[in-house]
């Protein structure tokens, strides 16, 4: 199963928990795991407390790891100046696995599933959700 | 299946390999994968050589990525000054998948499964272990 | 199923997409997930656009996170001076999960599966591929 989201790019961080929950509910799977992934090399999926302050903090930390303003070889060679986006994606990876028990995703109270669009333009992204029986 | 551990917080790094091995043994699964996860937004799960020197090295590297002493927006807004813990968790993620063959976890000789508690206080954590048939 | 690769170590980044694709094809699985992993504490698996410029960019970013030239406690205690390799492996992790649909790995056009050998010597590595029915 899959769903689409529109992003603003530039490290847009989007809470996709409710969409994933709906897919899990519709699957009627009681026990197992759920793989959330997105095909692409400029995005990431992880979990975090989806809170305005932390969203800023996370963006700042990512800026420290792979700055947007830095010169990247990828840009020099291809004129495609989203090198920072590729590096962030390779580090964070565009997939996440979550356990399912009694038909519920096992997440903490302050833990949301987030999609990160690192690319340097707005994008429409297709998120894949696979459920597997435990 | 699940088990509990007590942590000291503040980047406590705990070897949970033996507990995971026991769950896999009890499951009697011969071939597949094992998902180890923890609900929460201030912890992480990964593998490493669980050795005193490397434990220090890892803590230092994490300090470089998201310093404990830095000002975080999360703290300013909520008075909950564990912003570094949230950022580390979003980067490392609180889940890990390991292959199972002939009833054994496929790990290297110097590779242990470790739980990282980034939070700024001691915690009791519940680790989930799901085994799936390959 | 598994396959072997020879690496040069020192952050050698190797495209293993075609080998993984072959395993998935041979499995004849139509729908599910694929876990790619490698036992070891000095390697990583992720996805990226496998392009010369980005390969350099990624190596530079990793050098920022855990420099090869830095002093590591792991080296002081054990004389095994690949501390940077262990830290990079603990951060990136030696496993990856990819969705399978209609017998195909769900990857983006510019997204390859890469193996990273951080160790400070050439290695022969065994990559495990597990397919699971969705």
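Read from first to last, the chains carry the letters A, B and C; within each, the first residue is number 1.
Please note the rule applied: contacts are C-beta pairs under 8 Å (C-beta built on N, C-alpha and C of every residue); 3 or more make two chains touch, one makes a residue touch a chain.
In this text, all values refer to a predicted model and were calculated from it rather than measured experimentally.
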item	value
Rotational angle, Cα trace of chain A fitted to chain C, multiple of 5°	120
Same or different contact residues where chain C meets its copy chain B, judged by the half mark	different
Whole-Å gap between the CA centroids of chain B and chain C	20
Numbers and ranges of chain A residues touching at least 2 other chains	65, 91, 97, 132
In the complex, chain C residues that touch chain B	35, 37, 39-41, 65-66, 72-78, 83, 86-87, 89-91, 93-95, 97, 128, 130-132
Chain C to chain A touching residues, read off their complex	31-33, 46-49, 51-54, 56-58, 61, 64-65, 91-92, 96-99, 101, 106-108, 110-111, 114, 132-134
